[in-house]
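What follows is a set of structures to go through.
You will see two complexes here that share subunit A, one where it goes with subunit B and one where it goes with subunit C.
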Partner chain A sequence: MLGRTLREVSAALKQGQITPTELCQKCLSLIKKTKFLNAYITVSEDVALKQAEESEERYKKGYVPPYNATVVQKLLDQGALLMGKTNLDEFAMGSGSTDGVFGPVKNPWSYSKQYREKRKQKPHGENEETNWLIAGGSSGGSAAAVSAFTCFAALGSDTGGSTRNPAAHCGVVGLKPSYGLVSRHGLIPLVNSMDVPGILTRCVDDAATVLGVLAGHDCKDSTTVQDPVQSFILPSLTDVSKLCIGIPKEYLVPELSSEVQSLWSKAAKLFESEGAKVIEVSLPHTSYSIVCYLVLCTSEVASNMARFDGLEYGHRCDIKVSTEAMYAATRREGFNDVVRGRILSGNFFILKENYENYFIKAQKVRRLIANDFVNVFNSGVDVLLTPTTLSEAVPYMEFIKEDNRTRSAQGDIFTQAVNMAGLPAVSVPMALSSQGLPVGLQFIGRAFCDQQLLTVAKWFEKQVQFPVIQLQEIMGDCSSVFENDLASVSLKQ
Partner chain B sequence: MAAPVLRWCCPARRWILANIDRGPRHGRGAPTGSRSSGKRGQSSVAQQPLVTAQKPRKGEHQWAAVVGLEIHAQISSNSKLFSGSQVHFAAPPNSLVSFFDASLPGTLPVLNRRCVEAAVMTGLALNCHINKKSLFDRKHYFYADLPAGYQITQQRLPIAVKGSLAYSICVGKKRNQVINKTVRIKQIQLEQDSGKSLHDDLRSQTLIDLNRAGVGLLEVVLEPDMSCGEEAATAVRELQLILQALGTSQANMAEGQLRVDANISVHRPGEPLGVRTEVKNLNSARFLAKAIDYEIQRQIEELENGGEILNETRSFDYKLGCTVPMRDKEGKQDYRFIPEPNLPPLLLYDSASLPAGADPQQVINIDQLREQLPELPSVTREKLVQQYGMLPEHSLTLLNEVGLLEFFQNVMKETRAEPKKVTSWVLNTFLGFLKQQNLAVSESPVTPSALAELLNLLDQKAISSAAAKKVFEELWRSGGKTPAQIVSEKRLELMQDQEALEQLCQATMEEHPQVVMDLKKGNPRAINKLIGLVRKATLNRADPTVIKEMLEKQLSS
Partner chain C sequence: VVEHLERLALVDFGGPEAVARLERAVAVADRLRAVDTDGVQPLESVLEDRCLYLRSDNVVEGNCAEELLRNSHRVVEEYFVAPPGNISLPKLDEQEPFSPS
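For the complex of A and B:
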């Protein structure tokens, strides 16, 4: 091992052939044996061992997959550059990106000029350090990365709204394609029958471009459709008079903030004023969606998480009393409370004695929810318009006052029925709230009519002219380059 | 690490039919079974002595045993059920493992067409109804060689249901009475095999080999229509022959390609079925029969001694020859079945329902597979009976011994001898020698051509039957020589010289006047003595019928 090159040793460490501590001890022992060379003046044994220990912790944290997800490979095949892996809630369970092992994701808008100026007006300015806003989730890292201009597009996953929710909070476009349009091969599953790789970009056209790359049958995912995929290039809609926009009345819930509600109405009026037919529609089973999702999600989670037993990969605890004891301790240590809670309740729902009463019933409710959409679309509605979230992003300290389950139920309220039905949906930022924070609205389309959906979203995006985030303060030296960039972007628009 | 024992088990699948009235079972017209199912009532009584014969005890005839089987047959395919990994027995450990097989996060199952075809063919050969729509489910349990924590199987809607397996057993003192029986097949389902755990108790380690993980299996569930170990073993043997004829499984029990679990209960006829036990991991036909008969006997004794039978899982200790309870908590295991969300329903078509313009690569046509079915063992046996006038029990033996039918057919190709003679030589002499030395047909030192040549010599009356036996022994001992060589070396050819033979007859009579007297006094058996003496004098090289003729001629002259 000691004769190898840095590169080789690094690979050995990554593959777990040797631990950092073992390697460190090998070096230390050879240093002692070769003391006569008089090469070292001081040997910092303690420091080195401590560093090795820390290094070991770091290695434990990262799982490096040996293969690329189909969506990643397709992007790479098109010459895209992969900037990194973004942060999220553990196993995508959450709606704030606050419950991951790498710590919470901070919403770039916390540091925007728009938000800070509003905050300054407040008499009792709280501590800036602790007052940052959540990014939304679970794919909050992806939304934040796109929002902060660190990349042009990011992938998320969307099981109940995990792409659209952070998109709305971070003021970017979040697209959940139709189920079956984009391969899930390589997507770590949450709820296989609802998961879809999501796309986060700063404009609708970009989302369509990425979708064009990702969409299509994948022989590695038997649930992708075999029909040839049409182009996702979006026409610039000039006339919306032939469009019928549905406003589901069940989405007007008491918890909806008045500001979001008024923006939603404004958007509806915008369509109406441009000649579109805007009608109120009913999705009568919407209110059962959250509880139905709870059962189906946790049941599949219980099943999907069974593989994380510490044998093949990932964390493994040191207990060697029995295989069962090792499983139990590994899973106790390796999963956070949220994940464990979902595994436990899911296993309860699929017990033989409960299966009929919970799982089967939830599946039936799911069918009713899906049929609600089918009925509405059959009645002539082209696209549904709804809020994406109840309100704009809240400060982290505020957010964690409620537990993950409560927050997920709130966060997914408008987004998650779409996943039950496998429909395409996109969140488009509309305007800033009175606090200077983005508010997004959601468009829901017919299954596999992603292009039509995005065309409408693009028209809407053009009408509302959502302001660009002003991050000059935190961009520091980059700001000048940044501003030039923005200028050119504005010109283009 | 302690070894949790949990393999090949489906106790969650309760024996649904075990508790229903027996009436409908007889009433249901299984395709081939109306005759034999009518016989079953009798046969289960007829089987009683078999069960109790080992330890005759008072009052045991009052018990009836009920045996059902769950059989796992590894599908013979190039790649695994849901991944592209190769399937190969005895490859280096963990050398045939795809990311999916190791359950890496994000991997998805992709169904192997060949495995589906194998299931359909097996279903058709077993007279099953093929479900045009079947579903996959996840069956959850934690075990070190089950990486995903669940097995993908077909619990709710399997690919084939309601079939039947006809088999014949030989009974009677000489085992020359053939009884045809039928066992109903509840279902055939596709599922994944697990990996293998190697427990190193010394170092408290469990080593995992995932080469087998994800290999396609056919689980064939046989209804509890059998009543003893022999019936079960014979049914399994018949299934094995069918699978091998179809090529859907190599079905080699020693290599684990065919694994059997047996459900066993006893009850008094007319009373409800008793509590059943499950005996697991029976990996040879002999142990299968032994284990079942032992378990039946054990249950009877337990009940007669006032004990009770526990619904438990037992394993067969082949060294002790008895079944012992397994120390797992499997009875309480809840497999928490859920639909497999990553696989759409499996749809099959027939020529009528085949969608127009469907890509042949994407659809499976049941009718097309039916046309491609090879000849099944029952038909082969029927042909042997028809073509060669063979006894049914002989056709059974010819097929049951691996390679014996082929050997027989090769002998037939090269000999002019009567089929009956060939059958007798192959089944008695040849098979007897093999059995005595515990050899397989493929290991025989005598080739089909050599036996054919030998039978030709016999047919031409160039040698006597007794000489032929000697030649055979010699062939067996010193491979490489032809029968003709042996005959001439050992001077075994029949005496063709009539004159010399007549002289020998004459001389023998002169040497034994007493015997001749006996004969003349009217003792017809005395001639046999003379024949024997002449044969001895010819070193068994003369045909006894010819000798007899000569003796009679000389006596009457």
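For the complex of A and C:
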């Protein structure tokens, strides 16, 4: 190996025939053996080994995207600074951000003063490290990053609620734009007809600002609409008397926690007391939404995951017998159980003998679900108000007691039908639960009426004044983070 | 069916728990039968009423072979290297037991 040329050894490193550390050690050992030549005055062994380690990390990372997603590029073009990539459930499959190869995401509220004060059992006991809460998912890393003040905005994805769910659990705003408003170019597809990039911020105005940057036709994504882009500057509503809020009765399910339910009622009464019209509406096919999603999502996944064969990018297994054997082994190693489970389920539903009864049937049910929303909006309702999640964030140890599919079905229950219909929806934090944890409520708007939706959300946010998370204990002296003299800053438009 | 699915998906079940999980998923999916969908057209896209955007057929970007090849583990000059194709996976009973790494 040491006798090879630079190009040859570089190729060998790339192909994994030798690791940087192994190569480095070979060189170092030969340096020791040839000490008598007196060629070196200093041997920087430690430095070299450390660099070899770093080099190994770079090789391990494998995939380096050769292009930026449109939404990323748009933000960069506006001068945004990319702080990093956030953690998520593998391939966005999950509602806890617990099933990723980089490990689970911890909800910052686990470390908040508000939560810890309520727990009181063992204020500084050993329970703390094991009793942390899930961040929700699948875009939990993004929600946690925003919630912990590490950035001002984050991108997620939303196919069944993956942006809104963690937003509710982490006490931040999670926006799912209308399908077709924001480009999916560069967003790894899960369900092409439902996916959208999601936006996570600490306030509704910020979400609108980001949406203003991201929205618009992209010639690289033919599913983006060509309508002229509207402004997303939100007026400050003072009069809600012309507003009609719909409360879908089917969303009152037995599994809904009493606390979330009472906050939901409180929100409805708030609108009413301020003059808005609040009426009960019906979305009759709601209970079939999760089932429909199960079939459509897994079927699309079966197709979309087929590109991950290890040949052009990503993990690859060292099998030379046949292409199929290599693909099978690569995919077995590269995908976790959740992903493999969905691929197999999906393949089942699209087998020739099952296609009509499962896939096509689900597509028909999807139309019924979408029509439910159309009918409600046609009857004069402007915005729907629902819970985002069944309860506040649960401890990780609790969460993992059930399998991913069960947890996803529970986590997505209020958010998922929105993706079926392609409507815009936003989760806004309302108040803290009796445990000191955030509860968010969801507003659903008409297709492409994102600005109206956010205007209502902004009014609500101002009314409820959701408390700021207190993380001083773990952040040390970060008093500058919490200075609230922005009231004196005037925003030039 | 299990073998058929594994072959189609090129992903294996990895054990009886996964088969049980599939059975549960199918049982849940069966609940769709209760919905009356007579005369309902399948919905493929919520944007079905719009015309799909087609850009003009001109080459505007590309020429990035090097960047793309960089991500692959096995490359020879400008080719992705694949093991021989057209060889079916061995049948379940012919397979060697797989030990998870």
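The rule is simple: the second predicted complex is superposed on the first by the 410 of 493 C-alpha atoms of A that agree within 3 Å, B and C clash if a C-alpha of one lies under 4 Å from a C-alpha of the other, contacts with A are read in each partner's own complex, and residues count from 1 in each chain.
We adopt the following convention: a contact is a pair of C-beta atoms (placed from the backbone, for glycine too) under 8 Å apart; a residue touches a chain by one contact, two chains touch by 3 or more.
Note that the coordinates shown come from a computational prediction; the quantities given were computed from them, not determined experimentally.
S.K.: Once chain A of both complexes is superposed, is A:F448 in touch with subunit B (first), subunit C (second), both, or neither?
M.R.: Neither partner.
S.K.: Quick one: classify A:S193 as touching subunit B (first), subunit C (second), both or neither.
M.R.: Both: A:S193 reaches subunit B and subunit C.
S.K.: Which touches a greater number of subunit A residues, subunit B or subunit C?
M.R.: C
S.K.: Regarding the shared-chain residue A:Y251, is it in contact with subunit B (first), subunit C (second), both, or neither?
M.R.: In the superposition, A:Y251 contacts neither subunit B nor subunit C.
S.K.: Is A:F466 contacted by the first partner subunit B, the second partner subunit C, both or neither?
M.R.: neither
S.K.: Would you sort A:Y115 into first (subunit B), second (subunit C), both or neither based on which partner it touches?
M.R.: In the superposition, A:Y115 touches no partner, neither subunit B nor subunit C.
S.K.: Report for A:L311: first if it touches subunit B alone, second if subunit C alone, otherwise both or neither.
M.R.: In the superposition, A:L311 touches subunit B and subunit C alike.
S.K.: Is A:S222 touching the first partner subunit B, the second partner subunit C, both, or neither of them?
M.R.: both
S.K.: Per the contact definition in the header, classify A:R340: touching subunit B only (first), subunit C only (second), both, or neither.
M.R.: Only subunit C; A:R340 stays clear of subunit B.
S.K.: Contacts for A:T323 in the overlay, against subunit B (first) and subunit C (second): which applies, first, second, both or neither?
M.R.: The answer is both, since A:T323 touches subunit B and subunit C.
S.K.: Just which bits of subunit A does subunit B share with subunit C as contact spots?
M.R.: On subunit A, the residues that contact subunit B in one structure and subunit C in the other are 63, 66, 193, 219, 222-223, 226, 302, 306, 309, 311-313, 320-324, 326-327, 347, 351.
S.K.: Which part of subunit A faces subunit C closely enough to touch in the complex?
M.R.: Touching subunit C: residues 14-16, 62-64, 66, 179-180, 193, 217, 219, 222-226, 285, 288, 291-292, 294-295, 298, 302, 306, 309-314, 316, 319-328, 331-333, 335, 337, 340-341, 343-345, 347-349, 351, 357-358, 360-368, 370, 403, 405, 421-422, 447 of subunit A.
S.K.: Under the stated contact criterion, what part of subunit C meets subunit A in this complex?
M.R.: Residue positions touching the partner: 1, 4-6, 8-14, 18, 21-22, 24-26, 28-29, 31-35, 37, 40-47, 50, 52-55, 64, 67-68, 70-74, 80, 82-89, 98, 101.
S.K.: Quick one: in the complex, what on subunit B touches subunit A?
M.R.: Result: residues 1-4, 12, 99, 102-111, 138, 140, 142, 144, 147-150, 204, 206, 208, 334-338, 341-344, 362 of subunit B touch subunit A.
S.K.: Under the stated contact criterion, what part of subunit A meets subunit B in this complex?
M.R.: Interface residues on subunit A, with respect to subunit B: 63, 65-67, 69, 184-189, 191-193, 219-223, 226, 299-300, 302-303, 305-309, 311-313, 320-324, 326-327, 347, 350-352, 355, 359.
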